[in-house]
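Note that chain A is present in both complexes that follow, paired respectively with chain B and with chain C.
On to the complex of A and B.
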């Protein structure tokens, strides 16, 4: 009934966070940038920023991918394996087709299709067959990794020069990765306005209510996984550009980082609430933490320890900021 | 214009038959009341028509033609809209998005048409704007709304379907009188437009003020159907309860209060949503809280129970100061609290009945080991005293009807008797027979000397059961009604006057 506590006290910050749920993440991001600047002034240069983005563009893409399944209350533990599978497939196809410009484009398209197919399989297994998302996508992750290992058993085949020089190159004086970021931003702005996004969030909010409202719940969840597969493929293309080689295990470690990025960005893992922008910021936070760990000169054996601690701190700061705004 | 006929609808969940023979004949231009005690199968029948439950047998005819309703989407395509009793809202979405969630307006095939969304929802919200209360707006997320406001959103969502057939499964249980009046005005208008509507409510006055025909369901089967003019409240209650004695809480005079030492005294209590609340509850007294919905009654009870903070004032239980900061502290001080919002405050959904009856016993006695046999014996007596219907004490509590779930929640407080019982609209969504059982118990508890505070959104319940009534308005007590002052007129008057 009248729960006055939830009714009143809409402070300025509280209202801002309701409108822009990724605000706490943005604050942490700025804080980390400042810390990086203090410990290594050169880290804020244009060149370093370019380096940061080209390294972490893949994780940003994967965080976006993960967000679309988390919206409807699902999770995809195979996202990283899809990255691996697409990475090795693209490398092998480019090599097979001759490595010229046409081969590169054709291989990228094929990679995107492979990502879509993986997403579709996940969607059918989780939403269609109604298996538990965590366990089912864990199983498909092993399956996708297995496929990747048959496509390219050993890491090392290099990407054609045309590919990585484009990814690392500049056009009209601006690095390629910035164009990539711009295209993704436009794409996300379009996706945000789609009815499907609202429907995914409604499904994540309360699946039964969404079903009773007449929404095609299964189809919506499957579409979420297809989006996830597609963006995972884009992540693979980025990582291929960054590492310039094929590696059947390259994405494995990225899965849980993508989940962490989604949560750091202010989305609810239970679904129904969140923004893609937040996830992008979350991925950058992880990137900046890794950079900071390096810049403060942490001894190598302590780096994992400090990195984990820093991510925990970032999570807590985010929660404290949003809670402080609510109370 | 649509005419809907349901014949011999049947639905069983395992061994439990929810509906054995559901018949309904819904004509255009009528408000058709569906009535029956909780668990009699009304909601199941409605959900079959709305497509969210698949019947095991039976047929549905729409304008004379047999139809199969495969799911909620198919139902909407056939022109059937529904208000779900348990609501079908997405808490983190806005009011506007929720209202049009089933048919979100699009442009370009895939994008949400925000302008259209705003215009259409603004029209629907405008009809309720002056009764919706503070904080209600199109762009507010549903989780920021009060229970009555959420119910209004669900009503708007059903209305927005513009379906020729509309089903309202207990749409008024959380609404105050002004909101109900507005809703009824709209129903009357839709009736003139020739829409066919099913209306479910446990409030007799509502049924007789808006209904055209009434169909009674008992134990999963349709037992009677007649026009409102041909029947009356007593008749309907007799049909509902069948062979059982037709008990009506309203007809019983209250047991006179035995004055004595105060069980509870509250002085100048202040908190979010209420201020300067002072009162005492004597030994064996039933003190009523009245007034419109959400005027601070629940907040005061929750503050005493330690579930909401209070920032000034004193609370004494049995002469000892007791400013509980958590419910656990309040419970150890002998305070019991039963809320009408069972899902939030009462049942441990999905867990066995036994586990739902014993948590307070565990807390008060600081037990750590569960001995199922001994506990079952302990739990048996209060469940029996409340005439709770269940097959097995190990069955999940949510397999019971609303009324029986509430009895399980109340039973947990009866193993170790509290000194003070706080009832926060305890009969919300409970059938008349269960209500009557509850109030019998409450009176006998009072006779044993327990202090009881009863907040009820139904005036009839208050008038029939409370020895004294405090009327709340905007968070303050505006009037105290005693003895012969406890009349419906005085209660309405005090509730509506400006604070």
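On to the complex of A and C.
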């Protein structure tokens, strides 16, 4: 990234955005919330917010997953197929193990392990074998989809009641998804303070320089993919709770949205710059755009187009604003 | 993502050597796969079968021509919107001609204009607003998919004119259908464009070192915008041919070309970092990809197993090509 003017017009806003790269995204988010509130006051109710989060928690997780590879300048086009694979595996395992509470927890753990394994495979293929991330992860996505189709050839097997009632339920008056968000937030806060995050960003900023300063570049990139696999598995658990069934193709469409969410959140796809918080906000922005397009009364056949256009414009604005601030 | 550091080498020799090697590898693999196919199911490598395979490869190859240009131009050049443009062209062409040969010419015009227009928007976003190509074309893909829904609700899917279908599937000259000739023509035109024209040299120049090219007076932005426009046009032409191949268009027919077109380019020896490679390799890459898929359909395994083998084989194939250099201190 060779920007012409460096370190000139850096006002207070610029400094703020460099410190908190997700600030433009946050502003877009607040704006969207306000617009949603204007067009449909009820959309700001606690109940609607819960609905929004339980629907888009999966995308939020997947955006986090994608962020960890984008940090080091990589990309994972197989993230969505990992979601599919974990989704069907968890469903089939829960059914096989009887569907009681124990089975649910064991299946979730198994799902997380499957996600980790997929991430490890990606890491070895991309960083270990030194293949180009875009094409190599597309190839592994075909492999993972095939695996998902082997586990469950057609969509439909339902999740045990214990599973989706927990995901959609409340504890002490607070919806389960909020606990999930809180746990993930704590987890992410810890991860953000770990040295690994800085190392990933260093690799993404300048791989050669990172290598020359003694960082184990390959190992760091592989770890990025492993994190990506793990969070993709968490995304799968969320989507399983939301749809309450198995579908070997459920995650396919989510991959590109996860990339969009990362960009919306202010992270640079080239690596070296970004935050997980931004990606979480990015995923919510996509959700709110979809809701807003519905609330303003767009005719149904135009909804996809308006959504696509709004996301494109949001992507462009985000990039322009954050670049303007960083330049 | 782009961190190739070899501008110090004699560029010409390195580029030539690089062009030759992947092409040879691809050709050897093609012969090998044909032999394997023939061994697995006799008749696989019969002339008729090979011809059918080449038609499918031509469709992918034409999309990959534009993809190739965008990737060659560097700065993480990539065009994810081609899938949407292929679908868009297929449905527009189907409606313009609606089964009548007289509508073919207007359909060609409409497709080329529409393809160029979306390419232009991509190009402007990438150059003037400096949006990374992946993001710009990803967003454009979303817009195109939305537009397709709108169009499909408004008008019927349309039919291919008999003349167009004949062009794609019936023998035209020397027993080969028109689309094969078209593909060969595109291959020649691309080779000429890239190796014999100022434009071509400029593409390699901006792909390998944009800053230096800019200093040397290359109109970097104009070149890059035209690359995206060409990509849109090639995708639109492929969409029209696809309509001729299948008779009528259906939802998102083009999506199957989005990532495979990139794979064909990579298997053909053009790295995603741009600046080196060429279209001859990409043509071989497209044939290789289609051949591999075709072999897997003749083997009697279910869809799931087929996909697993396909994915794993792709990874194995990539090991032959352009692996990044090992880090050195």
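To be clear about the criterion, the second predicted complex is superposed on the first by the 312 of 327 C-alpha atoms of A that agree within 3 Å, B and C clash if a C-alpha of one lies under 4 Å from a C-alpha of the other, contacts with A are read in each partner's own complex, and residues count from 1 in each chain.
Rule of thumb we're sticking to: a contact is a pair of C-beta atoms (placed from the backbone, for glycine too) under 8 Å apart; a residue touches a chain by one contact, two chains touch by 3 or more.
Everything numeric here is computed off the predicted structure, so don't read it as measured data.
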Return first, second, both or neither, reflecting whether A:165 touches chain B, chain C, both chains, or no partner chain. neither
Regarding the shared-chain residue A:259, is it in contact with chain B (first), chain C (second), both, or neither? second
Report for A:142: first if it touches chain B alone, second if chain C alone, otherwise both or neither. second
Should A:312 be classified as contacting the first partner (chain B), the second (chain C), both, or neither? second
In the overlaid three-chain picture, which partner chain does A:211 touch, first (chain B) or second (chain C), both, or neither? both
Where does A:45 make contact in the superposed view: on chain B (first), on chain C (second), on both, or on neither? neither
State whether A:196 touches chain B only (first), chain C only (second), both chains, or neither. first
Is it chain B or chain C that touches the larger share of residues in chain A? C
Go through the superposed model and pick first if A:272 touches only chain B, second if only chain C, both, or neither. first
Residue by residue on chain A, keep only those touching chain B in one complex and chain C in the other, then list them. 2, 206, 208, 211-212
Hey, which residues of chain A end up touching chain C in the complex? 2, 73-75, 77, 125, 129-136, 138-150, 153, 206-208, 211-212, 217-218, 256, 259-260, 263, 269-271, 301-309, 311-312, 315-316, 319-320, 323
Per the touch rule above, chain C residues touching chain A in the complex are 1, 3, 5, 76, 78, 80, 125, 129-132, 134-136, 138-147, 149-150, 153-154, 211, 259, 262-263, 266, 271-272, 302-312, 314-315, 318-319, 322-327, 329
With touch defined as at the start, can you tell me which chain A residues reach chain B in the complex? 1-8, 18, 190, 193-196, 198-199, 201-202, 205-206, 208-216, 268, 272-273
Partner chain A, residues of chain B touching it in the complex: 50, 52, 71-73, 75-76, 82, 84, 87-93, 97, 101-104, 106, 110-112, 134-135, 141, 143-144, 146-148, 157, 174, 271-273, 293-299, 308, 341, 424-425
